[in-house]
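Okay, so subunit A shows up in both of these, paired with subunit B first and subunit C after.
After this line comes the complex of A and B, so read on.
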């Protein structure tokens, strides 16, 4: 995995898709590719109330990524310094093997340039000391980005509280 | 700006660069600049219309006058001046959808079309013939050449020398296809004139009813002009009629195509020699405001050897051919020597055979390879048992009792190259020999017969006895006087005269409309982008150029029947399928580079793409190696290489040639097509060491993501 972690606190996500919009606008993407995507699970009836969950699906920046292994041209790479998996457009020829190889459907097709695009945690922004575009825009601040030890232990705290309230 | 690059492409590059760098940061100006860029890209890709140019001009002016800061104003100024400087190039792109430099890659011209002096959209009509649309093909040809049938029989087909298919095996039989379609359309009664513009009352006089004059008449008549053609011969056609023998070009062919022009209301005055029977003053009095001189080159060069002028049996080829064409079928003699190695010499020699001459020898001072005549002509002459005496130069014509008796010759050797790039023949001292002949026909070149034009003031004559004109507009130095054809080029081909006539018609129209004449010669127009004919790679490779069926040798020695019998329908349709559609594929080689050097698949063996060193070509290899990844198609700049899913298969084709097709595999959830097994094997091999993917299901990208999200959602604690 990369040294970063992008954590979504799904409890606070309202499914507004701002992250998707800013991601596309930041990467100047046409109709089609969704580098990150909010997927709606549900609605399901829980205690007679319809409930839905919104799951944020970016790229997971795998430790040993299938996409990098599949790429015949060396365009898909893992950045040495922080493990970000990104695609070099100068090398990508649009064979889509990475898209087929990824179990999570992370690499996307940009029909305008005939090349693959994917989440690179906005590495240019990170290098400037900023956070990824999706995290910056997130309305409810449910997206958190940082090195693994910087991520707030929200779920653990929430679980602990829930346990405590059972008493 | 770099010399030799297209201003449209340059401006697109420069403006796109500027915008990408964010040099126009103000939103309103940026919008204008982006709009200009979009319009310019349309111009450079054939999607533009007549309104594009004024729209770009207006936007550039807005930038210039209303720009918020210096950068915007400067950009507006620069674009305005670029548009003004290169106005003609931009308009030419819009009108012809053709970028002669090929910088606007989607508008790269096909080599065949660029080689054609009349600029016919060859790929287009070949495709139409392939679809069985013969009369549509003729309509398309006649946008650039009103003589598809004549050219289909006698054109020197420079297009075929440039044909890219020739780098694989043999060039497409472009000429023969044209002849086939024209004959078909004519016999089916579907050879029609396009709609004529209403009469505009303007009178133009054309001098000479040859290919140049008739072509100009056709295009001007279509524009509504009143055309009168002055012709010294009793019939129309010029050199097509009296220079080219009937066994190559039947009279009916010329008559029918001339009749189409006559149908447009063109008036012919035969047996009228300009400058003799009628003068320019008389014609001006009749109301003619513009004149087009296209009298051809009907005089012969002299050999300048003793005896040439002493005998009635020495008759230059041009006079001989004209005499025969006008109906005099007397043989010139029993044993005839024809001097020269060009097409006229072949025509004269083969005509002699048909008139009953017992022996015909062609005497040529260089070797066979140096002959300017078409190889087919030479072959057919040999089939008709014409003897060739190469490396022989006549030095005297000998006679007895006032009749020619022998030709005195010297052997030659080829010395160093002259300015034409051919080796100069040098006579060998003492190699004299004579052979018995009773007639000599010199065919060593033609020139213009100026009789009748001497008094035409204001013309500028070249040293070669031709009229100097502006090559873009065919305008002479005299006002309202245009010229084209052999009188401008010197003796040349039918199709060159047609090209000249077409340019002159355009210029004469501009002359009346008072539009400035073009500064550059016109660019051939891409008439339409036709769909490619779909052909499997194996068929594309094994189809052969059809051999032209010819009349039997015996018949050829006694009649003037047409020698070439034309293509059969089946061979014509198949021949059209061999075309590589170079109007779409620009042979940049990107597909091969991507497949071989980037993907490491090496499935495309298309050596013909390399112009300088053509390698081996075999379209069939792709079916063995190609994984159908589509990278070639994704990188093709002109959409020549295509990948499509249809009928359960993924299909790769280049300009309709099907390179590979394999069964698709589908997403196991939504049923979306995923690609063929060979593609998935390729990926599996690469990812083997990374380990198995989660689960063994074949999923599409969307379903994979959904499934992952769902799994993720389910592992999360219940939503409180």
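After this line comes the complex of A and C, so read on.
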């Protein structure tokens, strides 16, 4: 597991896909690959009101990544200093083994270069002290990024407020 | 070497402040301006697709002159001199033969609108119009009838609201970043959202109460709400006593409009209407019955929008924290606004406008904007006089004005059509000459005066040199102007000159915008005193339920409610709207936005679809008296059985825009061109359609 945590506060997500668009723009990707993706589940009527879930799917940057283990050329790697999983295009031969190996479909195919692309938490931005592209521009700031201890306990706070009675 | 450039987005008409990172004359990164509260880096998906627009080789790359019949796609690449001379020669000939008023210029209101208004006044034409009326003319008129201000002079304090009520105002998909964030933060703090729409939207999925109202019956719901609020004395009595003219008239008027009556009309249970009226009024005045952005659904539109604003007035939420407020200009703190070219002296114009706005035929719409959807009729009937030339400046008559077939017929009568455009829009494709404008990242623009609780000025600043042979709009108009003998009205050589000229006397300078992209006249929020200080601009100085504006023009303040007919059994009411990924008609060809949303689909109620034999995803033919098209069906329980819905802005016909060409169906092709003749909006939800499997 990387030392970072990308947390989507789903309650505040409006499923606008700005994260996806900026991700592609920042990485100058052609049509096809979606390094991160918002999947809309619903809407369905629950207790008389429509409810939908807008689920953000980037790469989870696993502790023991299936994609790294599967990669025959060593292109797919885990960065030693912070655990970010990334692909080195100089080594990638486009065999797609990582795409088959990942349980969540994170590695994507870039038809323009014939190689795999995937979320690297915008490590170039992180190295400059910035946040990933998707987190920076998120319309509602529902994406949060940091080390695990930096993420605000939003859901606990919300739950506590809902439960608390000060009367 | 990296450089930061503060500017203003223009992927939609909201114009959010942005910060660009530029390296080697290339835009590397765009984010929302981090210094602006409510923005703080945020960028909507259209904004995020700005770099894709900059790079897009399917933009108009140079001036083009038509060589084949209109719309044939036969073009000759031209130099700027050739294209400008061509336009100027034609204009001179037309003006000489038919007079200045035979020239019309339509545009989407933008920061440089004062330049195009200047152009028209200089040639002696009253015929400048904006897209505004097509979107919200009746909202403007409704607000003036009650408060003396236009809708654009008002805004909402969503962040402090306790209950927000939206009538099809799908904020979370139309996305204005700042209001979205303000509303989300209000919801986080426990505010309630009530959402009313014949269709379930993203906004509906965040609501605490959702009513799938029968289409076009919002007015009935509102009259019943007023009935309950007045009967049960749920209104803000001190506010009503102090500020309202015509409360007694309203009380007697809404007397017959009971919740039971409204249930019949709207489909919303009477007891829910009563419960809602009681609940919402507990939060007064921190209540927003939102008057929406677009307000152009039905011929009674002005009364629908008035009813929404009357509810706010009863809650005392007009000029209230957590309610509506009037935007404050620099004058409130002794400052001066940036001046405009329209402040110059112009030749006197004594003919009526083409749309007859301001005449007894059409007295009330705002003459600052005109009524654009009247253009086809004015051209076809030569009423009030013949029109010969159209300059379409980022304005799309073929896809924005209902009834494309009629509009095209009207355009065919014109001697000259010029487009000032960035894309191969349908009107650019149908023009005689296209004058390509540099996009927002490639040009500086006029100062943007932003009035509000804190008056400010923002500036759009050029980030990179134009990728193609394009120019800024204010330069294009000046260069035509010089060729037809009105050059003296454009006292600048560059847009930067114009910005300096406009800023003279404000105490601010071009350089002041470099640090944060904006300047502020004050740091404090200005609210007027609710007991004595609200400066309503009506003749009475109060909120006019009984409106002098309406009554003096011969219209009733409270016309009796007319039952909204259901469509005949085999038909549907066509309703239209927006999504987060596209701006009106202008972004469908953007590579990234097109990838995520390439075409529109027809939402149809599952029960009705089953009866018609229409499976989800199948192709259907949708047809009205005006036109027809083939579109994929989206079969769902999430839409009222009387309605079908499609996104506006698809079905482009310009072949050069290959990604959007012929994808989906244009709503304008199907819609009848019908107008609310009091308020000025077209009635986009007036048309009935049939749907059948293909």
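Convention: the second predicted complex is superposed on the first by the 164 of 167 C-alpha atoms of A that agree within 3 Å, B and C clash if a C-alpha of one lies under 4 Å from a C-alpha of the other, contacts with A are read in each partner's own complex, and residues count from 1 in each chain.
Here, a contact is a pair of C-beta atoms (placed from the backbone, for glycine too) under 8 Å apart; a residue touches a chain by one contact, two chains touch by 3 or more.
Keep in mind the model is a prediction, meaning the values are calculated, not measured.
When the two structures are aligned on the shared chain, A:155 is found in touch with subunit B, with no touch to subunit C. Of the two partner chains placed by superposition, only subunit C is touched by A:24; subunit B is not. Looking at the shared chain after the overlay, A:65 reaches subunit B, while subunit C stays out of its contact range. When the two structures are aligned on the shared chain, A:41 is found in touch with subunit B, with no touch to subunit C.
In the superposition on chain A, A:140 contacts subunit C only, with no contact to subunit B. Of the two partner chains, subunit C is the only one that A:12 touches; subunit B does not reach it.
In the superposition on chain A, contact of A:100 is made with subunit B only, not with subunit C. After overlaying the two complexes on the shared chain, residue contacts for A:51 are found with subunit B and with subunit C alike. When both complexes are overlaid on chain A, the residue A:115 reaches subunit B alone and has no touch with subunit C. Set against each other, subunit B and subunit C differ in how many residues of subunit A they touch, and the higher count belongs to B. Applying the stated touch rule to the two superposed structures, the overlap between the subunit B and subunit C interfaces on subunit A comprises residues 42, 51, 158.
By the touch rule above, subunit A contacts subunit B in their complex via residues 10-11, 37, 39, 41-42, 46, 51, 53, 55, 57, 64-66, 69-73, 91, 93-97, 99-108, 114-115, 155, 158-159, 162.
Across the interface of their complex, subunit A is touched by residues 594, 598-601, 629-631, 634-635, 674-675, 679-680, 682-683, 686-687, 689-691, 693-695, 699-706, 708-710, 712-714, 716-720 of subunit B.
Per the touch definition, subunit A reaches subunit C in the complex via residues 12, 14-18, 20-22, 24-26, 31, 42-43, 45, 48-52, 133, 136-141, 158, 161. The touching residues of subunit C, when paired with subunit A in their complex, are 29, 31-32, 40-45, 47-52, 172-173, 175, 177, 180-181, 184, 188, 190, 200, 202, 204-210, 580-581, 591-593, 595-596, 637-638.
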